[in-house]
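I have a structure here, written as structure tokens, and I will follow up with some questions on it.
By letter and in written order, the chains are A, B, C and D; residue numbering begins at 1 in each of them.
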Amino acid sequence: MTGADALFGVFAALACGGALGVAAFRSVARMAFSLVVCLSAVAGLFFLLNAPMVGATQLIVYVGGTVVLLIFGVMLTDAGVGRRMKIGLLETISMTFIAIGLAAALGWTAVGLGRAIPGAPVLDEEGVEIVAATPDTLRPIGLKFLGLGGESGVGFLLPFEIISVHLLVVLIGAAYLARAKRRVDATPETPPEATRETASDGLGEQA
Amino acid sequence: MTGYLIVSAVLLTCGVVCMASKRNAVGVLMGVELVLNAASVNFVAAAEFGPPAVPVQVATADAIGVGLDGQIAALFVIVLAAAEAAVALAIVLAFFNQHGTADVDAASELRG
Amino acid sequence: MSVPALLIAATFLPLVGALAGLTARWWRPRKDDRAAGFVASACILGSFGLALTAALRWDGPEPIAGSWYEIFSLAGVTLELGHHIDSLTLTMFCLVSLVASCVCVFALGYLSDELTHEHRDHSFEEELVRPGRFHLFFGYLCLFVTAMLLLVIGGNLFHVFVGWELVGACSYLLIGFYYERPIAGAAATKAFVVNRIGDAGFLIGLAALLAANGDVRFVSLFEAAGAGELSRTALLIGGFGVLAGCVGKSAQFPLQVWLPDAMAGPTPVSALVHSATMVAGGVYLIGRMTPALPGEVLLTVAYLGCATALIGAAPALFQTDLKGILAYSSISQLGYMMLALGVTGWGAGLFHLVTHAFFKSLMFLCAGSVIVACHHAQDVTKLGGLMRKMPVTAGAMLVGVIAISGLAIPGVTLFGEALSFSGFHSKDAILSHALAFTEANPAHAILFWVPLVTAGLTALYMVRLWGLTFAGTPGSATKGAHESPAVMLAPILILAGLAAFCAIGGDGGPLYGFLTRTAPEVGTFALFESPTEAAVDEAHHHAEMMGLIAAGLGAAAGLALFGPWRRAPGHARAEGLKDAAVVRWLRSGWGFDAVYRALAVRPTLLAGEVAALTDRSALDGAVHGTATLARRVARFERSVDERLVDGVVRGVGRLARGFGRLFGATQSGGLRQYVAALAACAVGLAVLAVVLLAG
Amino acid sequence: MLAAPPAADLALPVEPAEAVESVTLAGWLSDGVGLDGFWALAVAAAVHAFVLLNLFGVLPAVFIWVERKWSARLQDRLGPTRVGGRFGWLQALADGLKLIQKEDLVPDAADGLLFRASLYVPAISVLMAFTLLPFNDRWVAVASDCGLFLILAVLSLEVVGVVLGGYTSGSKWSLLGGMREAAQMVSYEIPLALTALVPVIAAGSLSLREIGVFQAGWMFPNWLVFANPFCAAAFLCYFTVAIAECKRAPFDLAEAESELVAGYFTEYASFRWSMFMLAEYASMFVVSLIATLLFLGGWWTGIAPLDAALTGLNDWRPDVGVEGFGVGGYLANVLFAGVVCLKASLLVTVQVWVRWSLPRLRIDQVMATCLKYLTPIACVLLLGATLWPLGLLATLGRPTVFGSTFSASPSPLGGAIVEQDSALPNGDGEAGEALR
């Protein structure tokens, strides 16, 4: 039992618990909270894995950004806090079987793969594991991005730029998609068909 | 390594279950996030435990590792997940504006 | 400017007038002035000036040949437009443009009643009122002049053919100028159709010569024919083909029937087109082609001309229509020309062409003058006694009569010449050539005697014409007649002068000299013997005497019958001949029209009706039967289609729809079901992998 | 590395092999007491966490008292005067006691679990931020090389708790407040990060400790706020954004009492309410501390001889009591920590001052301020700060930060920075050249 193991245990438990919570809770709000816990714990796992940069990104982008966005979506689309959408019993049972099968298959693979790649924590000569320390990964990652630091000499600038542009396009598109449909809002007394037509007109205009 | 992989497996399973069993579109999105996170965990774990990245020209079949590439991949996953979430949420909102609900079962107009 | 350039300019200058005339409707919509007529006259006069200049500048007997535009040249066959200029061309140019100028100026006066916007046509029972077509007439006239000059300047057969057809088209337009009158329209159509019959032969001949020589330029044709390079067959087909065209165009037997009818056109048109120039086109072409014509053709030409001369002269004796007499006279005179060409009297034939053009156009213009004066009355039986009312016209007409009759006063000399007018010289030349020919070939003696008789007949009917019109007591249609205005008299006087004196000196005079400067050598033929020049000179004296005697007899008879001392009214004088069957027969032009109607027109119409009947009964029946059959087959096929094919197609469709429904059920559209199926498949794959790996 | 001992953080040894001059609690427990390595670390971590929590649990109490007094003075009144003596200095404690005594209410409409759980998120996230803040050269819990990034990340978690708390309260006020909060904080994170990056560019590091070390020497021009005009503007911009990020007036729309009663924590009462308050005041201190570290010279006094003297204390009386423990060095650390806390407290005071001076904006004005003005301004500043050294190099021939801008300055540590800059982690000389 090392400190890393202990911390891993804590974080892994939190992550798995959060994930299970996401899957199990019916309330979207609770799911969101579970997701926050899960993702934060995964960020902790990243810190344990000597990847503070990734962890920080996970926190700031995922937890601080994406999940807030999701909660925002919940707020905008959910009629009430307690409202739940039920699914059928048969579906639940079949889903349970599928989940067990999937978990078994993945677990079996994970154990097999873990055996194949033994990768033990790195200790120094005094037996103190340096896992919990925060190594300087920022500069290596940055240099790797530029294709300067690593041995391979292959940078990630092009993917980075592609992803940047992609992100920009996606965000513009998202903003456009989610913009307020004023005509629909302005005519509440119109019958549903008309409303739908108006909306589809709007879609047609987009096309 | 095994532990991380198992955590990842649990995350993925929960994500799939979430996707398959949630009728709320946002819940489905959360399942997607979980699946993506499982992938991230695998990437970073591989970066840490896998053999280090070596130049391709000297790499043998079993020596090709990930190294920091895994972390970078994880970064990309996170960023793309953010983009995905933004678009998906926009679609959910558009859907909600049209149908008055975020129930994915209502989105079955393309059924055969 | 060189001679060809002058002539080309002269050819196309009238186009300006044509354009002015044809477009006058737009550029002078309301002005009742003669602008287009003036423009046309100026253009044609300019054309004459250019042609005269060219004739004066032309030096030497060598013809000038040139090419304007090569239409195509394929595999040794060349078609082109070009010119061939020799003394004949220049003479024709001057002649055409000069006569055209006179006619044009005359028409300025003649057609003045067409100037009004409400022209009244008196030839109908109810008066027809239509807008005047003064400008249009000059447009057509100029167009005709252009076409005629194009024909004359042509350096090859194809070029001539182009001009030939254009002339025909213009002739159609001019004959049908009064197209409201049924007779005019029918005459135009008749002229056109009959001409086309001849033109078909022309086209065949053209094609044969083109195929044989690869080139229809006159120069090369003459060279090839002279060198014997062309096959006899080609020469015969070519020669007879061209002759067929000339027969049509020049109204020779047996295609002469169109010319009398063509008098339905305005009188100036008759003067220019149907007496002086266009109909002379056939004579011109025979003359032009003479070096390339074999003996058979020439002999045919001679006999055709001989027959035509007689056939034309006889009806003229009994015609009552002023212009009709002149028309038959034209046919007869054209026969003379052809005869001369056939008996190797090249110079004589074309000489007569020139002189005839002058005196015949003069006579037509005089007739026009009379017609205008007598309010479009043309029947000579209703005329008479116009000599005092229209002395100038009568005098000019007398000049024409004397000229065409070939009368002269032997022994009386003026300027070292027998006192005679142009017709005497040209007819004398023809008769002397014919006499020389018959002397050389006694078998063809008829070729001299028929023209001699015809000469007498000519004098007779001409004197009759003059006497009925101008002498005697005034007829019913001559009331209020008066002399024509100066614009009409001036051309008449000019032409009278020319008709009288153009042939001064006869075959020793300047005109004959100029004309024969490029005369072709008289060839030797197997079929007959060509008379020598000496023989011709020797025959001259006899022929002159015999011709004079014949003409004198004719004239005397005429004077006796229709002379000025006969005071009886015209219609009474003609009474005696009125009802005789032979007279009716001759008056109608030997009944050719009836024969043709029976032999050609009726059969054609009958064939058409038969064809129509066949079409209606047999062909339509077949078509209807086929259609019925097709409909029945289609009905059968439809039942097959509906039951068998549609059944199969519907079966396939139902099958596809069934499968679609079956598999469509899996396309639930439910996102969650898809994910679940995905996960289940993943699990299944994993299980499969485990099983396989374990196994 | 530095002349001073390298980062010897409180909980975990960063570079144990080099930490010979000073001893850590973990090291002492391991070597001196003989605990197992892991348990030594765990005990040390627990002790330090307790100290930290208490220290920064007390700080908000102080700030609450300061704010009450300060606002009272601004409003021409006295404020608390009785509790704990003349100045009412125990007023915050009394408030806390009162709150703890109150009834713990959970509305019926609320989702009980989340209602109870979500309030810890802001508090935990803010307190986690303290572990990443260096109080001096050697006092830093987690000396990560992307410390600033981590702090921003951790701070961004705060919003989740606020939104969830507001949403799960089952109240319209709370829902509106939560939504406003979500919109506002997610938006303001962008200019916050952008403006924080301006001094990072000037200093060439994301590590807060390195940025602090970088600003040694005389206040002018070594403090990054004076480094270039863009940094100065960035400081003002950052401070504005930081106020909004802490949901402080004039940007406190999420809890606007005139519109939403109390915004997202309308339904909270008693101790749970106080947790939000604690998080707010702690975050005020955190952002101020970040501002201090980034712009205002960190723990340095700004007077070069004084700093040199304090640094010199490191050599004073080593090995007293415990081997390897330097009393002088510890004293220097305490003094430096005091300096940085004093600076941050001054900034907190300024925030209080702003709150009671300026009227509240409307929510659309708040968003417009962020998206239409602050974000573009921050972008321009970032671009300017990037181009500034290049411009200097091009016009004056001065070397840039990438080539030790301040090596000629009278900093006692200037040479060390040069040395550190040249010693890039991967030691790849070629890459270092390229980077320069």
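Please note the rule applied: a contact is a pair of C-beta atoms (placed from the backbone, for glycine too) under 8 Å apart; a residue touches a chain by one contact, two chains touch by 3 or more.
This structure is a prediction, so every number in the text was calculated from the model and none was measured.
Hey, which pair has more contacts between C-betas, A-C or A-D?
A-D
Counting only Cα atoms for the centres, state how far subunit A is from subunit C in Å.
Inter-chain centre distance comes to 103 Å.
Centroid from C-alpha atoms only, then distance subunit A to subunit D, rounded to Å. What do you get?
27
How many Å are there between the centre of subunit B and the centre of subunit D, using C-alpha atoms for each centre?
33
Can you check how far apart subunit A and subunit B are, centre to centre, with Cα atoms defining each centre and the answer in Å?
The answer is 6 Å.
Going by the contact rule already set, what residues in subunit C reach two or more other chains?
In subunit C, residues 672, 676, 679 touch at least two other chains, as defined above.
Could you tell me which residues belong to subunit A and also touch two or more other chains?
32, 53, 57-58, 65, 67, 69, 72, 74, 87, 91, 95, 98-99, 102, 106, 109, 137, 140
Please list all residues of subunit D that touch 2 or more other chains.
none
Which label fits the chain touch graph of this model best, line, ring, star, complete or other?
other
What residues on subunit C touch subunit A, complex-wise?
Checking each residue of subunit C against subunit A gives 672, 676, 679-680, 682-683, 686-687, 690.
Applying the document's contact rule, which stretches of subunit B touch subunit A when the two form their complex?
1-18, 20-27, 29-31, 33-34, 37, 40-41, 44-50, 53-56, 67-69, 71-72, 74-76, 78-87, 89-94, 96-98, 101-103
Quick one: in the complex, what on subunit A touches subunit C?
Those residues of subunit A that touch subunit C are 87, 91, 94-95, 98-99, 101-102, 104-106, 108-109.
Across the complex, what residues on subunit A touch subunit D?
Within the complex, subunit A touches subunit D at residues 1-3, 6, 27, 29-30, 32-33, 36, 40, 52-53, 55-60, 63-65, 67-69, 71-72, 74-75, 81-82, 124, 126-128, 132-134, 136-140, 143, 148-149.
Please name which positions on subunit B make contact with subunit C in the complex.
On the subunit B side, the touching residues are 16-17, 19-23, 28, 31, 104-105, 107-112.
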